[in-house]
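First, the structure itself, so that you have it in front of you.
The chains carry the letters A, B, C and D, assigned in the order they are written, with residues numbered from 1 in each.
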Amino acid sequence: MAGSTFGNIFKITTWGESHGKALGVVVDGCPAGIEISEEDIQSFLNRRKPGQSSFTTQRNEDDKVEILSGVFEGKTTGTPISLLVFNKDHHSADYSQIANCYRPGHADYTFDQKYGFRDYRGGGRSSGRETIGRVAAGAIASKILDQLGVKILAYSQEIAGIGIDYAKFDAEEILKNPMYMPDANAAEMVSEKAKEKMSEMDSIGGIIECKVAGMPAGVGDPVFDKLDANLAKAMMSIGAVKGVEIGDGFAVAKSFGSTDNDGFEMKDGEIVKTSNHAGGILGGMSDGSEITLRAAIKPTPSIAQTQKTVNKNGENIEIKIKGRHDPIIVPRAVVVVESMVAVTLVDALFTNMTSRMDKIKAFYQ
Amino acid sequence: MAGSTFGNIFKITTWGESHGKALGVVVDGCPAGIEISEEDIQSFLNRRKPGQSSFTTQRNEDDKVEILSGVFEGKTTGTPISLLVFNKDHHSADYSQIANCYRPGHADYTFDQKYGFRDYRGGGRSSGRETIGRVAAGAIASKILDQLGVKILAYSQEIAGIGIDYAKFDAEEILKNPMYMPDANAAEMVSEKAKEKMSEMDSIGGIIECKVAGMPAGVGDPVFDKLDANLAKAMMSIGAVKGVEIGDGFAVAKSFGSTDNDGFEMKDGEIVKTSNHAGGILGGMSDGSEITLRAAIKPTPSIAQTQKTVNKNGENIEIKIKGRHDPIIVPRAVVVVESMVAVTLVDALFTNMTSRMDKIKAFYQ
Amino acid sequence: MAGSTFGNIFKITTWGESHGKALGVVVDGCPAGIEISEEDIQSFLNRRKPGQSSFTTQRNEDDKVEILSGVFEGKTTGTPISLLVFNKDHHSADYSQIANCYRPGHADYTFDQKYGFRDYRGGGRSSGRETIGRVAAGAIASKILDQLGVKILAYSQEIAGIGIDYAKFDAEEILKNPMYMPDANAAEMVSEKAKEKMSEMDSIGGIIECKVAGMPAGVGDPVFDKLDANLAKAMMSIGAVKGVEIGDGFAVAKSFGSTDNDGFEMKDGEIVKTSNHAGGILGGMSDGSEITLRAAIKPTPSIAQTQKTVNKNGENIEIKIKGRHDPIIVPRAVVVVESMVAVTLVDALFTNMTSRMDKIKAFYQ
Amino acid sequence: MAGSTFGNIFKITTWGESHGKALGVVVDGCPAGIEISEEDIQSFLNRRKPGQSSFTTQRNEDDKVEILSGVFEGKTTGTPISLLVFNKDHHSADYSQIANCYRPGHADYTFDQKYGFRDYRGGGRSSGRETIGRVAAGAIASKILDQLGVKILAYSQEIAGIGIDYAKFDAEEILKNPMYMPDANAAEMVSEKAKEKMSEMDSIGGIIECKVAGMPAGVGDPVFDKLDANLAKAMMSIGAVKGVEIGDGFAVAKSFGSTDNDGFEMKDGEIVKTSNHAGGILGGMSDGSEITLRAAIKPTPSIAQTQKTVNKNGENIEIKIKGRHDPIIVPRAVVVVESMVAVTLVDALFTNMTSRMDKIKAFYQ
């Protein structure tokens, strides 16, 4: 497998399995001179850490990050930054159940088909723990975006069919409830629903929304490396994501040109759009307005209900997935979405620096 | 702008503007020994050619393709295949209207922001004509898939809110109606709706669906280069696409683990899935069942209604977009979707060949 | 074959065979706003055109370049630039001699081994004509370097063992003699030697040297993408090159630290080196002094003498290569070396723009 | 800095500084099913470990490697392999001398020019310790080559002007003398010379030669990704390498077509070459004969003699480099050359698998 690297100029390479010794990421192409500490990265990782509410796996992990290279005297040096988290709670489980069978909704079968065998301990490379590397890299990307005035806000927009009320949108609320919703009331309703489904040994899905403010206009490329194309890849590369929308998304299919087009007007001497159906991206390039995207997350496939499947001997069997599993993966995936968006935007901003000869000339003078 | 290349091993690089001398593509990494003719490629291009029905632009183009390299005595040689289409009808238009203003829903503004100026003739690089290169490359990719037993079927699933009736699904029908729908009745209703909207000087959008049969299991990579992630990028890189779904797509957000999980069972000695909510991809790798995806296409932004916008001098103005524009872009985009899927699958199949040492060893013996 | 693309940000993709319809290049990642004309590119191509002296092939080609995309109103638009040269004199030859045998020193055998068959007309993709695309791209890269104050000078340093006398070095002389040597006297001696070898139906090799002035310090990367590593690849990717040196090259093997190290000193308030054994690159990054490199070119393999080889039927045979072949390839390769150096430097200069956060911040303010 | 990744399909990404916490490499794209242990990798690392003879730095490092991911039950899983070596002896030194001055022959000045500041401890990222990652990856690549019947042999061919006598060539001898020479006598003479130069507080350079047997014909690409081009980049990316030769290398410049061309003949029913001036590569593709290459290594720049340079305040100063430095870097670089060749060959072998449609079809049947 190649395919563990994302980005062209700002490049991240993740590695590690759910129950291996450690997981991590190498961030290559990070500019020199950015102040970064293990605390900066830890604060991102803590948002995806297990065991934070009754709705997440009770696996006991500190997920304590170590910076092994690329930072000197508190600042990035321009050389690759190696970040690592040792797995702590990785010997306890009994994998005999999943070692020989193909769990529905999981990658067990496809791994065996591709590689001939697999590290069957807790999902191996397809575990949600793989996102540790993404989030650690996202923390660094966010540091860069901060300095360029770009702000990302991600949250659960809908879980188990219960959506937020935009009239009550409160960004401060997001980190205060276990659902990472900007609407306390919706979060409360989701919690009730979640408890109900947990008692039924079932799991639920949802939608994560992400908004980006402060992105300069003209970033992204017009053909294959459209900003939205790279964001779509970034989103769909997150396990459990099955759909991606930019701006109005699938609603455009039922829309008309007269209503979908965003007009332009002059406001305080600046060109602004009069609406934002496009979600801040036109022709693959940012248009200066807010970038909006959504990702649909499927229900956690690990459920304790009886499911029909087959084992490696080609026998029809029934299984109940035991162990510590999140009944909802959506809240913990919020910071993963935010991180992948951050990494994608930084790469696009860097790529964009060579689009005009006059600016290149000015740079080198 | 880098960003005109797609694929890692099977690599396509498109070039050309709407009203430049020519448009084309270089296909690098195509294996030797594939029989290919200009007719093979032409038959793909004809499906996206303008002027085929009253619902498409009346621009007069033959879009006749020439193979300039990489094919010898009727077979690919393994060296890059250069394909070119000369623009014929490219001097007639008067661009003074769009040269100085920013059309709503188009990339005029973002091009100017990125590059400082733009080729304003007919959309330049952001024109739908850029897809000529993609479709020409798609014709070659499809030849490869044919030999490997992989079949792609794409069609309009819904236009202007009118969806196909799967009970009446008839693949033979797709190329027979101007809407490229597998349901003659739905196509008829869409035509009525389209005429109505054209009379209102408006445009409509829709959804393209694509199904892939015969894909071997285990193709795709588990992390960033997930098969669905690369398909999502491929789809979103097509101008006017604002949303992408794999399998059940956004519906998973309201689903439960107990209903969304696809079970496995033995059938005639083979492992098969008992349902296909996942759309044929698990953990980023094909699972041997049908791959299904959908792309949402926005209404054509060029409409003859009066729209508010600004010009390059920063003045608020009103414009009516004249000229030859498709009121619906969906039908002509069907072959573009099919082509991008083909290119993505070929690259994934090639990448997959080095996943197991035993198979590599067998290859070199 | 992938492998027809060179560069990461400033990317060139060449295509075309010796006796196909045309040859060309797509230059992707070229910034917008550079004035470029077909004449600019033609002047580069003319330096590698056949038939310019009695020492080069008498094949009759104008090698007239056409710009097909990416340039609008005389300036680059930032979109891919497609450049094409139609082959004119490509139907005349009789290839029956080489179609079935493996010419010594050529790629006939390796092509057949890799691809199963080959375009045997005049060397196909391995022909020197492939460099048309490189040189056309090099003309554009040189335009960029001009604007950044970087100047490249390439010339034949030695042919058939006859080297230039640096005491008589005259840059003006290079384009005046058929050997592209900066020393008229050496060029004269080489011409005599070349005539002698031609009469013996033999061919000769030589060394091309290249010097780069005005390169800012700090360009290039410290590990795999060292500036010298990418230059070495660029040089060795030219057919017939068998050795590459940076600075003192192989002479360092016999040198000592005390003599090989270049000291630093202050001069007019600037840090300068007191010598330049390193050839302007330290640790993979330019050090602000002149970059110097050399490439060794093997004698043209096509010779009219009788040679022993085998045919595709596995029979030992003798052949004499007929046709129009350069007895010396070195002079025509000078502009190829210059072009590949130009492309490599532009890519390194562009990559370098994201090495420091303070400069990125300044760029976006 | 991007630029810490090498390879396209078999991809290695190194990270780490001389005196940071650790150094390592992520190997992505390694096939599943290869038996690999920490011992396998350790045996490679031990060949570059410091302190093995009086001619190498006395820095005290075990360089004990840990496999953190990608290996399960003793076999590679196909997922990225993360390898790490903790720095042990990294707190002892006093860096005040080099923190503020630019050592001749080192990358201190270019690092500061590129990044604005640098990790000045022991060379930071430009330290020879960066090669730990390369060698660890090389151990894995060599495992793959073993299974494909490809054997690499590297050794010191010449040090301080003293070359090996090919008549006495003894491969067994290489690992027995501190010079890694296949000629005990030459090694003895070099040792004498080295002692002499060490007493003069000076350092010496040399040439490493590498031969590859068993490479199938047709591997490598005909244009930019020529096998020799990628090998040249691999060699020149090693710190201290200033020249690279394939086959006869620079000697071809004085050669003639009649003597440089390698003839073909039938031998036991197989096509073989009658000589090997080309060094096993024709037109960028392996020709089935032995691949030969050479890299010139400059003398260690760290010498205890007084040298003139400048400090960061722009003052002319004199320095004597103290500390534990190798007077000859050549012997320890032998395994680095071997490793980079191994990594390059594996990537080329993998890339080659998609060159023919008939073989792809057979693979998928």
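As a convention for this text, a contact is a pair of C-beta atoms (placed from the backbone, for glycine too) under 8 Å apart; a residue touches a chain by one contact, two chains touch by 3 or more.
Just so we're clear, the structure is a prediction, and the values are computed from it rather than from any experiment.
Undergrad: Which chain's C-alpha centroid is most distant from that of subunit C?
TA: Using the mean of the C-alpha atoms as each chain's centre, the farthest one from subunit C is A.
Undergrad: Between B-C and A-C, name the chain pair that shares the greater number of C-beta pairs in contact.
TA: Higher contact count goes to B-C.
Undergrad: Between subunit A and subunit B, what distance separates the C-alpha centroids? Give it in angstrom.
TA: Their C-alpha centroids are separated by 26 Å.
Undergrad: Using CA atom averages as chain centres, what separation in Å is found between subunit B and subunit C?
TA: 38
Undergrad: Could you work out how far the Cα centre of subunit A sits from that of subunit C, in whole Å?
TA: Each chain reduced to its C-alpha mean, subunit A and subunit C end up 45 Å apart.
Undergrad: By residue number and range, which residues of subunit D touch two or more other chains?
TA: Expected reply: 1-5, 8-10, 14, 29, 32-33, 78-79, 114-116, 125, 216, 222, 351, 355-356, 358.
Undergrad: Touching residues of subunit C toward subunit B in the complex: what are they?
TA: 1-5, 8-11, 13-17, 20-24, 26, 28-29, 32-33, 66-70, 72, 75, 77-82, 84, 114-119, 121, 124-125
Undergrad: Residue numbers of subunit A touching subunit B in their complex, please.
TA: 1-6, 8, 14, 102, 104-107, 109-116, 125-126, 130, 158-161, 197, 200, 202-207, 216-226, 228-237, 239, 242-258, 260-266, 269, 271, 274, 278-279, 282-288, 296-303, 305, 307-310, 314-316, 351-352, 355-356, 358
Undergrad: Please name which positions on subunit B make contact with subunit D in the complex.
TA: Residues 8-10, 29, 31-34, 76, 78-79, 144, 147-149, 216, 222, 349-351, 353-361, 363-364.
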